[in-house]
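Presented sequentially are two complexes of chain A, the first with chain B as partner and the second with chain C.
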Partner chain A sequence: MLASLSDVTKRYGRTDGLSNVTIDFPAGQVVGVLGLNGSGKSTLLKLLAGLLFPTAGKVTLFDGPPREKRAKLVYLGENDSLWTWMTPADAETFMQGLYDDFDVGRYRALLDSLAVPKRKTKAMSKGERGRLRLAMALARDAKLYLLDEPLAGIDLLSREKILQSIVREWHTDETILLSTHEVAEAEGLFERVLYLREGRLALDARAEELRNQGRSVVQAFREVLG
Partner chain B sequence: MTTKSAWQLDMNAGPIFVQIASGVRRMLARGDLAPGQRLPSARDLAAELGVNPNTIVHAFAELERMAVIETKRGLGTFVRKDAPVAALRHDLLRAAATAFSAEVTALGISKGEALGVLKEVLDAGES
Partner chain C sequence: MKGFRTLFWLEYRRSGAWAIALIGSLAFWAWGLFQVRRIELAEQLGIRGMLVAMAAVGGAVVLALMIGRLRGETRGGQYQVLLLSPPSGHAHIAARYTFALATAVLYYVMIGGLACWTLWMSAVPLDAGSIAQLTLAIPLYVLGVTVLPLLAWTLLLMVFTSAYRVSGPGWVPGTVMILGTLFVLRWLIEGIVRVSYTLPGWRLLEGVQTAVLQTTVEAQLEPVATLPQEPLWIMLALTLVLLVIASRIWREVEA
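Our next item is the complex of A and B:
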């Protein structure tokens, strides 16, 4: 197993971010992490990234704790922490200095296909910054990509470009977890979908299997929430 | 062959791999795709349709099993020269006829009247 959570609970003060969740992630899956705000999507991704520790239970990544395996994972958080003075060229130097697995050729190809302007980030739109951040993330060669809401709050065209880049860059031995509200747009991409509700795993299903039962991922999402 | 609308993917209409496989068969039956023609790579088609590349691989495997397409190592995926185009055309016609027949039965209309209307419509070239 590439990564797994076994009976994991994460509490924030009195509230549960995640309750008794057990999930295995084999290599080579594109997984949709779906749920409303506060359902535990970000908590799940941060636990796998080693940015949070479970209150109870165990998180493993390549048979070890996530903290020790950080080099093999890419985490793209919700917060846009790009320096305002940075251009995409500055970001390239920055990423090269930080990560051995950063592939400059791949990064430049991604900037191109995602149509990222050469401006400083302070002069970019939210969609443009989102595309730049995705290029930085996908240009790394890792085994696990944790993408937290890469489609949130950006324009339709950017969302389409982002989904296309993910399809193009995904290697079949890599696992991608992508959390999103934009279920309808992204559903074709997912092999597997996890539905979180109030910190619990409400459904863990194969997308094509849902459709085989006559339900789209979107419909199943509504049923789980309803 | 590849405009997104031509595929008519519908997330509520069953597995995507099945829809893609029938899309290829439909294009072949209608002449939008010819025997011997090369198909886009699974990766390109996946990116264009916004679906998982494995789904396309699955659809292509299904079509290969049905002797519609073949993969030539290092060259790509092609419609087989001996693809059963006539049989595919017949299958689609039969499916349309079955749907017509079901509607006729549901409406309680006689065979004679139904055939009359069908002939009228065919003669007028309506679609």
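Our next item is the complex of A and C:
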């Protein structure tokens, strides 16, 4: 198993971010993490990344604590996470210096295909910054990609480019967890969907099964979380 | 090492403007020192000494702010990127600290140069040994006893408060650490005073004092024979301990 959460609870002060969640993630899946605002999507991804530590339960990544295995995963947070002075060339220096699995050729090809301008990030639009961050993330040869709202606040054309890149760069031995509110646009990407409601796992289903039942991922979203 | 080099480069890019502004501020202090020539000769050295001291204290504050700023990067997500990068906490802390250290050395050595210039303007004759002491030995002593531990403490405060910010109120560990430091500082100063001069003192100020006393301008200065070396060793050891603890806590930080 690539990653797993076993009866995990995460509390922020008196509020539960996630409650008693148990999930396994095998290799080679594209998983949609869906839910309304505050449902625990970001908490789930941060726990898997090792950015948060569970209040109770256990999170395992590559048979170890997530923080210790951080070099093997890609985490794309919901924030910009780029320094304003950075250009795509600076980002290359940064990634190449820190990550052994960073592929410069792939990064440059991604910059081209995602049409990322060469200026500083402070002079880029949100969509351009989002595309740059995605290029930095997908240029790594990791086994687990945790993408938290990579489509949020981004224009339609950029969203399409981002989704196309995710599909193109995905290898069958890699697992991608993608949280998004753009359920309809990303629906075709998902092999498995997790529906979170108020910090609890409301439904864990294979997209194919939903379709066999005559339901789309969006319809199930409305039924489970509506 | 590759990771450290990149983190040091990152630190240079993040904080380079701060460092340049700090070093550039010496032009302002030099201008101030130069203006003092219009004041009565007997008071010049004292006022210039005060200005140099203000530059030294101001520099320490700016360096602490430079090394400890975190809020924006926590909100912006850059801190998350650093926490998840492969280099260890030691590498992250070392890179941030080394850049601040390099800036501090440059700044305080230049302040030593300003001190030399000040004495020269006040017609105090300085030999080569005294100039070397003023520009290197004394600034490095002051750095080791005060600025370096302050910067290490700031880094520890930054990491310590951020470690507990997400799951609980971050101001609690911050307040505990600041209040705790006040008590520890008192105990530390008492301890240092008690053990000072157990080892032979350093005659760092001797040449400078002799030169000052040779002039009639500041003949009222009390001669201080030597500087104790114990405070330097104790504070350097404390700096190292604080940095090691900060590096260890880095692993526990949530963001």
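Assume the second predicted complex is superposed on the first by the 226 of 226 C-alpha atoms of A that agree within 3 Å, B and C clash if a C-alpha of one lies under 4 Å from a C-alpha of the other, contacts with A are read in each partner's own complex, and residues count from 1 in each chain.
The rule we apply is simple: a contact is a pair of C-beta atoms (placed from the backbone, for glycine too) under 8 Å apart; a residue touches a chain by one contact, two chains touch by 3 or more.
Given the structure is predicted, the values throughout are model-derived calculations rather than measurements.
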Looking at the overlay, what does A:G13 touch: chain B (first), chain C (second), both, or neither?
second
Mind working out whether A:A139 is in touch with chain B, chain C, both or neither, as first, second, both or neither?
neither
First (chain B), second (chain C), both or neither: which does A:V21 touch?
neither
Partner chain in contact with A:T55 - chain B first, chain C second, else both or neither:
second
Does chain B (first) or chain C (second) touch A:L163, or do both, or does neither?
first
Is A:W83 touching anything from chain B or chain C once the two structures are fitted on A? First, second, both or neither.
second
Determine where on chain A the residues touched by chain B overlap those touched by chain C, and list them.
none
Show me the residue ranges of chain A that touch chain C in the complex, using the header's touch definition.
11-13, 49-53, 55, 67, 70-71, 73, 75, 77-83, 85, 90, 93-94, 96-100
For the complex, which residues does chain B have touching chain A?
9, 11-17, 43, 46-55, 58
Along chain A, where are the residues that touch chain B in the complex?
30, 160, 163-164, 167-168, 170, 172, 184-191, 208, 211-212, 214-219
So in the complex, which bits of chain C are touching chain A?
2-3, 5-7, 9-10, 13-14, 75-78, 80-81, 83-87, 166-169, 251-252, 254-255
